[in-house]
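Both complexes below contain subunit A, partnered by subunit B and then by subunit C.
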Partner chain A sequence: MKTIFSIALGILAAIGGFVDIGDIVFNVAAGATFGFELLWAVLIGVGGIITYAEMCGRVATVSGAAVFDAVRERFGFSVGLVALVAGQIVNLMTLAAEVGGVALVLELLSGLSYRVLVLLAVVALAIVLWTMPFGWIERVFGYGGLCLLVFAVAAIKLNPDWGAVAHGFVPSTGSGNGWVYAYYVVGLIGAAMIPYEVYFYSSGAVEEQWGPEDLGLNRANAVIGYSLGGLLSFALMISAGALLLPEGISAELLGTVALVADVPLGQIGLLLALIGILFAVSGAAVDSAFSGAYNVAQFFGWEWGKYRHNAGAPRFTLAWVVMLVLSFAIVITGIDPIMVTELSVVASVVALPLTYVPILLVANDRAYMGEYANGRLGNLFGVLYLLVVLVIALAAIPLLLLSNMGQG
Partner chain B sequence: MTEIDLGLGVLDHQLVDSDRHRCGKVDDLELEGIQEGRPHVTEILAGPAWEHRGLVGGLAARIAKRLGRGGLVHVPWGEVERIRFGIRLRRPAHELGLDRGEERARRIVEKIPGASL
Partner chain C sequence: MRLVVALCAACLLAGCGVPQERADQAEDVHAVAAEGALLAHEAAEGSLETFTAEHAQALQGLLRELQPAIEDERLSRRAAAVDAALGRLVEDPGDRRQAYTVERRLRELAG
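Moving on, here comes the complex of A and B:
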């Protein structure tokens, strides 16, 4: 039996682990450009990640099959391999964006050269992944990410027009440039539903050796953890909307994001913001590196999991090492991490249907899932979000071009 | 006897050995007796047996062969203990020749300090 205390600890880690570099970049940029008008898009994205995380967590808990087991079983080898390649490209881009983000925060904290810090970040991540047990990895970064709550305090202290904030939760066509607005809608939903989260979440259920008695925990983690995690996204957008938009400051630098906490709260706000971003983005780097290894191992049937120890799942271990090395090779070129972030979110939107279709199929298979198959509510949301994902997947690349990457 | 769908319930599913280690996927199935009208499965093929698995599969099989990696392993159907959330086998992977890829990687990983962490 798990105690309320340990359940609460898990949920706290889920809250702190929700936000990654994509959420930070898109929420702050959207706030700086459109104020509170796009809060509804984040709300849609949070609903989507809750729906699919709960579903794939349930499938993994009941059957031991994680996302790419399901992809392989339902799509077969050929289509499954296409899904794998797409998923891995997205994972690698996401990992590169997070590694670049870690180096940027370290640069703001230390003043050392960016390239040295990229190397330092990758080495530190490798040591963490090599030495720490799974439970620790999940918790340490999740708890550190809770420092981002400073943005919630900042949002309140900035005393925004709460009527306008409430209005932002109602979908609207927005003011200003329509293409840019639509691009942000896609980006915000995509950043909240970024695929490595479900890869990692479902594999994590197997790592933690959940059984049917943990299905309540799965639901609590997904629903409570991710909705409260979503609050951090709202806080980022609200504080950026209250502070940056009236001043006409655009948010192309990570330093601007930290400034959002500095202005209302001073030095301590700035420090907490930077530490929160550092933990959240490092945690996302760890998750996306592992996700790359989970996916390829599950697709080819290799032994996998941190619970097997490094030499106990050797191809899995080499796979995450390769992910880290490749991400280093991308980031060390000096490519702008914020641009990589935007591209990774757009690419992940395009790849989303390839992940969600097989999960929905398996979760509905009564021969497989028995009494734990999707109910009416699960299917209503599942199908609804599949439609959302299909629409934004088709719109993503045209909008990237039409909006000139959100620059108008 | 329960009925199973070979395409949906066996093909592309996880192989798990008697020590509960994952040891490959059901990459293809060898059937006999089709001409006689009594088809039955004789072997599981694990490894790059993707020639008949679509266009992408054929290409992947050719690349795997070119790289000379991961030879094809034939597992007699009699080695299957049960089918439920993966194909559980009666013997450990090394007795069935299903551990070669994993062993090659293990030799590399074990050179790094802390491999047992």
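Moving on, here comes the complex of A and C:
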């Protein structure tokens, strides 16, 4: 009973923690531009994160090695270092986008100056990172993020054409500008498979000292948690498609996302949407700051882990402090966080093969993983998503340019 | 990596620009007016005042990036009228009667 309860709590946290600013921006913008036509791309992205996270969690559980242990082991120091630098750039961009997102939501709630709120957000995040135990971080932000379920209610209340919604799950070439459509396909898959989530997830398996007996929990968290978390992405796109597209509204502001819940559900919908976004984006900021520290510590073989406390892993602690300070330096310049979000998602797509490939190789290595290596189904999905990851990585930057960042 | 950075920089330069075609500019003005109308409708129903004011201001920000590039006189006047209507929401987000008037005005301007 206790195990089932623990799995349920983990799944709830995974649902609430699934969505970050990249998902919010891309899903709502895609819904406002193409209605329900791109739901299939989210489905592919959710399948991708399940495959990737399940492999990472299994490798970490069986071997105690998180993502960047595997990267260095499989690629060697030089190539591994390229993967690390690319991963860190993406992590930093993601963290900057999330910090900017936190400040934007606080601005919508309080009316205070954006720059003051950026400072406040960074200080608050530093306190959370410094003081909160790992399990609490996962749960507090995960449960708070569940407020985003308000978008599922909004989607139903907006009464979309459910036939068209169902049709959106079938891949199509789309209507309108082909480059913009393809850009959104890449962005939606990339936003769902954003790597920091997987770095955090696999390091978390080591933090919580999972052993082979926890492989069921790993699978449940990855498959059920991320699938249900994907429902939030669907809800965001469906509600934006039902409300914004018919009105000819483009979604360029975070406030537009909140308005999508405000219109069908009133003030309570608006409040829940803003609180949900705040928790989801803050949680993602914490995860991406830790991910940056995990990556560098694992790669160089430093002591790492929240369970060691701040003084027990000083270089690890310094690494997340540096990440936070750099993200502050980026956001305080006044750069648009929504634009940083889009660029961070595109950059993460480009860098994705550098961490996906070594994890797939390790997860498939019977000498390393023994009886826990990929089975036939695992390999089928692993290879299928390797192709997806390679195609979107090659297409991301050309599409960014050809679609004028999705503006057409 | 250098290539990625260079491409991102090129893209930033391309993506930051405001639309130069009249049709695209008209579409953007329409989008802001239509969203402003939705916001005003919610304000008339009794939404969070801070949210109304801040979001209306953010919509004005989008419009003000676009306005200097608009050469068409009629479109320019329409953009100015949308800006002014949003300004009323920024000034007094809690006035529900005014919000109702602003909603109607923005709906007209959205066409």
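As a working rule, the second predicted complex is superposed on the first by the 406 of 408 C-alpha atoms of A that agree within 3 Å, B and C clash if a C-alpha of one lies under 4 Å from a C-alpha of the other, contacts with A are read in each partner's own complex, and residues count from 1 in each chain.
Just so it is clear, a contact is a pair of C-beta atoms (placed from the backbone, for glycine too) under 8 Å apart; a residue touches a chain by one contact, two chains touch by 3 or more.
As the structure is a prediction and not an experimental result, all values here were calculated from the model.
Upon superposition of the two complexes on subunit A, no clash is found between subunit B and subunit C, which fit side by side.
Residue contacts after overlaying the shared chain place A:Ala311 against subunit B, while subunit C stays out of touching range.
When both complexes are overlaid on chain A, the residue A:Arg58 reaches neither subunit B nor subunit C. Of the two partner chains placed by superposition, subunit B and subunit C are both touched by A:Val82.
Look at A:Ala347: by the touch rule set out above, it reaches subunit C but stays clear of subunit B.
Once chain A of one complex is fitted onto chain A of the other, the partner contacts of A:Ser250 are limited to subunit C, with no touch recorded for subunit B.
In the superposition on chain A, A:Arg139 makes contact with neither subunit B nor subunit C. For the pair subunit B and subunit C, the model built by superposing on chain A gives 13 Å as the shortest CA-CA distance. In the superposition on chain A, the residues of subunit A contacting both subunit B and subunit C are 82. Looking at the complex, you find that subunit A touches subunit C at residues 82, 85-86, 89, 107-111, 247-250, 252-253, 255-256, 258-259, 262-263, 266-267, 270-271, 274, 339, 343, 346-347, 350, 397, 400-401, 404-405, 407.
Partner subunit A is touched in their complex by these residues of subunit C: 1, 4, 7-8, 10-12, 14-16, 19, 27-28, 30-31, 34-35, 38-39, 41-42, 45-48, 50-51, 53-55, 58-59, 62, 110.
Touching subunit B in their complex are the following residues of subunit A: 63-65, 69, 72-73, 76-82, 130-131, 297, 299-304, 309-311, 314-315, 317-318, 367. Residues 8-9, 11-15, 21-25, 27, 46, 50, 53-57, 60, 85-86, 101-102, 105-106, 108-110, 112, 114-117 of subunit B are the ones that touch subunit A when the two sit in their complex.
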